[in-house]
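Chain lettering (A, B and C) follows the sequence in which the chains are written, and residue indices restart at 1 in each chain.
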Amino acid sequence: MKKLSALVAIIAIMFFSAVPVVRAADTVKIGAAFALSGSIAVYGEGFKKCIDLAVEEINAKGGIKGKNIEIVYEDNKSNPKDCVTAVRKLITVDKVPVIFGPAGSSNFMAVAPVAQENKIVLLSAQGAAVGLTKAGDYIFRVFPSDTLQGPHLAKLAISMGFKKLPVMYVNNDWGLGLKDAFVDAFKKMGGTVTDIIAYDEKKTDYRTELLRASKGNPPAIVNLTYINEGAVQFKQAFEMGIKTQWLCGSAARAPKMVELAGKAAEGVMGTYPSVSQNTKQYQAFKEAYKKKYGDDKIPIFGDYNYDMVYVAAKAIEKGGYTSDGIRKALPQVAKGYKGVTGDKTFDAERSPKFAEYGIWIVKDGKIEDYKK
Amino acid sequence: MDLLMHLCIIIAIYTIFALSLNVEVGYTGLFNFGHVAFFAIGAYASALLTLAGTPFVWALPVALLSAGLCGFLLSIPALKLQGDYFGIATLGFGEILRMIFNNEVWLTKGPMGLPGIPRPSLFGFAFDTLPLYLALSAAFALLTFAVLAVVVLSPFGRTLKAVRDDETAAEILGKNAYTFKIKSFVIGSVFAGLAGVLWAHYATFISPGDFTLTETILVLLIVVMGGKGTFIGPVVGAIVLIFFQESVRFLRLPLEWTRMLGPLQQMIFGLLLILLMVFRPEGIIREKGGRRGD
Amino acid sequence: MDSISYYAQTLLNGILAGCIYALFAMGLTLIYGVLNFVNFAHGELIMWGAYFLFLFMAEPFNLSLWVALLPALALTGCLGLAMEYSVFRPIRRANRLTLLIAAMGLSVLLRNAAQFFWGAEVRTYGFEIAQGTKFFGLYLTTQQFAIIGVTILCVAAVYLLFFKSRLGKSMRALSDNLDLARISGIDTKRAILTAWVLSAVLAGVGGILLALDTNLSPEMGVPNLIKAFAATLIGGVGNLWGALWGGLLIGLAENLGVLFISPGYKDGIAFVIMVLILLVRPYVILGERSD
């Protein structure tokens, strides 16, 4: 029986340490369910940095009606199941009226119904998947939907003379959505898709898929891939002597991908929602980031997260610290608001109405804008 | 409070899951390492049906039936295999099923999973708050406990144990071991399916990644640590282990530590399994009349 | 890639995969034969072999590939011995389920330990990316040449050890009947230790080759365990040559199989083959020692 009572004691200790610490009542709390551990932690950490910068700036100017903003971060461990737990906890335990949602369209789409059901506003600063906001009117995003990107990618392919090509894509909400958007647009422009190959994330070996895609020696292959997966794929294709023009979406456009793939990434191209970094506003943001963190490499999607904080703060200021108030105020405050990533006006589906797309290419080991 | 209720719901679900595995592993001596497959079948069946508009009152029995049927179909060839081989075959089945759920996107939406699974409603009464769901899960857990207790206390149950301990002797006494094993396997599969249904409607989001070897190992640990071949064993195991697993999530640790938490927790589970097997293989609750080290 | 090269390259990929599986299977069947149980943690020996090499090639050791191989494989061998001494020997006489569960626990522990130290992301040894050398219209990288070469070397070494040495004879005796071997005065202890070291080193070599070809991840062990087990069964428990052929067969079946079915099911092919074998070849089971 001694063992049993020891066990009970341990359980009791764990139980009591799990009781949340009482917080200062005078802050405006916003929830954030980010990947702080696990395979996409690199994204979550970057977002946190930019969000903290924005919060610091807003608080320095007096916060929201005199109260400081406080972000309650929850780790979602890079998988959808833990995202749901994290969001549930933010809603039931921390009782926040608005939450910054996770990266990864599948992660986000897992929690969207939970937020909608509980009538909590959920924002995304990096979700491109086509159906991201369809869970309901409490779901918003400040990052453009891929329905806008598909046609741009198709136009790129056609303009380079590629009329027949195979499409590879990562088998999740993002890949599927962009694939559909691309294929639709490509066909309308007169192109033919010769093969469609879906593949799983996080694999170490894609040779089977690559072999199949390269069958018949296509001059170009559309590959809607991520950083790690893309690096492995380009590397293995290179080793197998596959010579083709790779056309990608925005998710592989990262210095990390080029670092991992080395010279196999040379010549890879793609489209991405482009943000002009030459505006005074963007430069000011970069300066502030450099001042706080010591370098000026803005993490991927960090600029969108920064804008998201400002838009949310404005909505709270206008509509009050309730989820309904925020929900109604968001379209109003975003209309015409020019953040560092451009005009943040929402369209009817609560996604950005305006987005420009640029073309990127890997040249001499660096990601550059493609100039025709 | 909410945290406590969340814990109790998960405990209830895993109690059902563990009790179902106990029938197979504890009472019949079947090394089923693919048990999570039936959990998944129950979850997906009910989720898909309710998402398509079927009322829960029909979705539930169909899901249970599916799990039981799959258990039956698998057991026929698989039970012809001995010990280890049966284990690996069932493991293989679990993995193949997960691959099917992952690849057949048209049916299960593959890795994207099924979001927005509705809370169950029976005859217009919706179990959409935490306390109500807890009541539902607890009710099912008690029901499972009662049904399985009756099963194992009956002559059927005693035969299972006889088959487990000495199959040849049981056969000599006129019992067809093969059919008993099949029946035991089907019962285990049906209740695993029940646990799956409750899980799907609680989490409101399922994906193939929720049903991996990790879950099988967790439920195996629960049964073995709690004490296989006993009634209360799996219940005790579920309470202790789920408490440990879930409450750690809510600890207020500095952010740098949380990324270590996942693998660390799993390492502890692995270590626990090893220590248990070396020092106390019969688990917390010892089986009556059981021999040490057996 | 034109059609002929496409099929030829697929065949080549099959052989390469098969070589690696053969190494895994030989290690697994060794323990299965000598000690009569499936080492469920064998996949983790594979994975740790690869990570040990990574450890010695990175800071603070910074050794080159060839120099780092020695300590990496030595440590892998030690890991195998550690598994034997701390877990399997104490429960040698326990029932099958206990052994299996203990091995599973070990597998979980080792897998997550790797994730704890190195994180869950895919890692690479960081070698220069080079296009493969053209070889009759196919491309083979240096690593892939190494796979074939090393496998041949290992098979030769195992042959010499097993069939031409006294230690090998002892191991074969153990394989037939552990108790009888003990009574006959054979140094069972040494034979068992050698079996473990050999099994671990084979796994480690295979793991390193695999990682050189496709990168490292903490999860790389488990699917390979299943394939190794399938190969073991095809060849017959304890049969080293059988394991070799079994491994090659699985490698070929996998790569040729995805010509017809979706690549998502590639890992499932080994399972299906295994289950079919189990159902169709009952003497694999009857041929087991009665325990």
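Keep in mind that, in the parts below, contacts are C-beta pairs under 8 Å (C-beta built on N, C-alpha and C of every residue); 3 or more make two chains touch, one makes a residue touch a chain.
Please read all numbers here as calculations on a predicted model, not as lab measurements.
Chemist: Applying the touch definition from the top, give me the chains sitting in contact with each of chain A and chain B.
Modeler: Both chain A and chain B are touched by C, going by the contact rule given at the top.
Chemist: Write out the two chains that share the greatest number of C-beta pairs in contact.
Modeler: Comparing chain pairs, contacts are most numerous for B-C.
Chemist: Report the inter-chain centroid distance for chain A and chain B in whole angstrom, where each centroid is the mean of the CA atoms.
Modeler: Each chain's C-alpha centroid was found; their separation is 35 Å.
Chemist: Using Cα averages as centroids, what's the distance between chain B and chain C in whole Å?
Modeler: Distance between chain centres: 31 Å.
Chemist: Just curious, how far off is chain C from chain A if you go by their C-alpha centres, in Å?
Modeler: The computed centroid separation for chain A versus chain C comes out at 39 Å.
Chemist: Two or more other chains touching the same residue: where does that happen in chain C?
Modeler: 120, 264
Chemist: Multi-chain contacts in chain A: which residues touch at least two other chains?
Modeler: Within chain A, residues 38, 171, 198, 200 contact more than one other chain.
Chemist: Which parts of chain B, given as residue numbers and ranges, touch two or more other chains?
Modeler: 102, 260, 262
Chemist: State the interface residues of chain A toward chain B in the complex, per the touch definition above.
Modeler: Chain A reaches chain B through residues 4, 7, 11, 14-15, 17-18, 20-21, 36-38, 41, 73, 75, 77, 79-81, 84-85, 88-89, 92-93, 106, 109-114, 117, 135, 171-173, 176, 198, 200-201.
Chemist: Going by the contact rule set out above, which residues of chain B touch chain A in the complex?
Modeler: Residues 2-3, 6, 102, 105, 110-113, 115-116, 130, 203-205, 207, 209-210, 240, 243-244, 247-252, 255, 258-262, 284.
Chemist: For the complex, give me every residue of chain A touching chain C.
Modeler: Those residues of chain A that touch chain C are 38-39, 171, 197-200, 202, 204-205, 207-209, 211-212, 214-217, 228, 232, 235, 238-242, 260-264.
Chemist: Inside the complex, what are the residues of chain B that reach chain C?
Modeler: 25, 29, 31, 33, 77, 80-85, 87-89, 91-93, 95-96, 99, 102-103, 213-214, 217, 220-221, 224, 260, 262-264, 266-267, 269-274, 276-278, 281, 293-294
Chemist: Where on chain C is chain A touching in the complex?
Modeler: Against chain A, the touching part of chain C is residues 1-3, 6, 9-10, 13, 120-122, 124, 128-132, 134, 139, 141, 213-217, 220, 255, 258, 263-264, 266.
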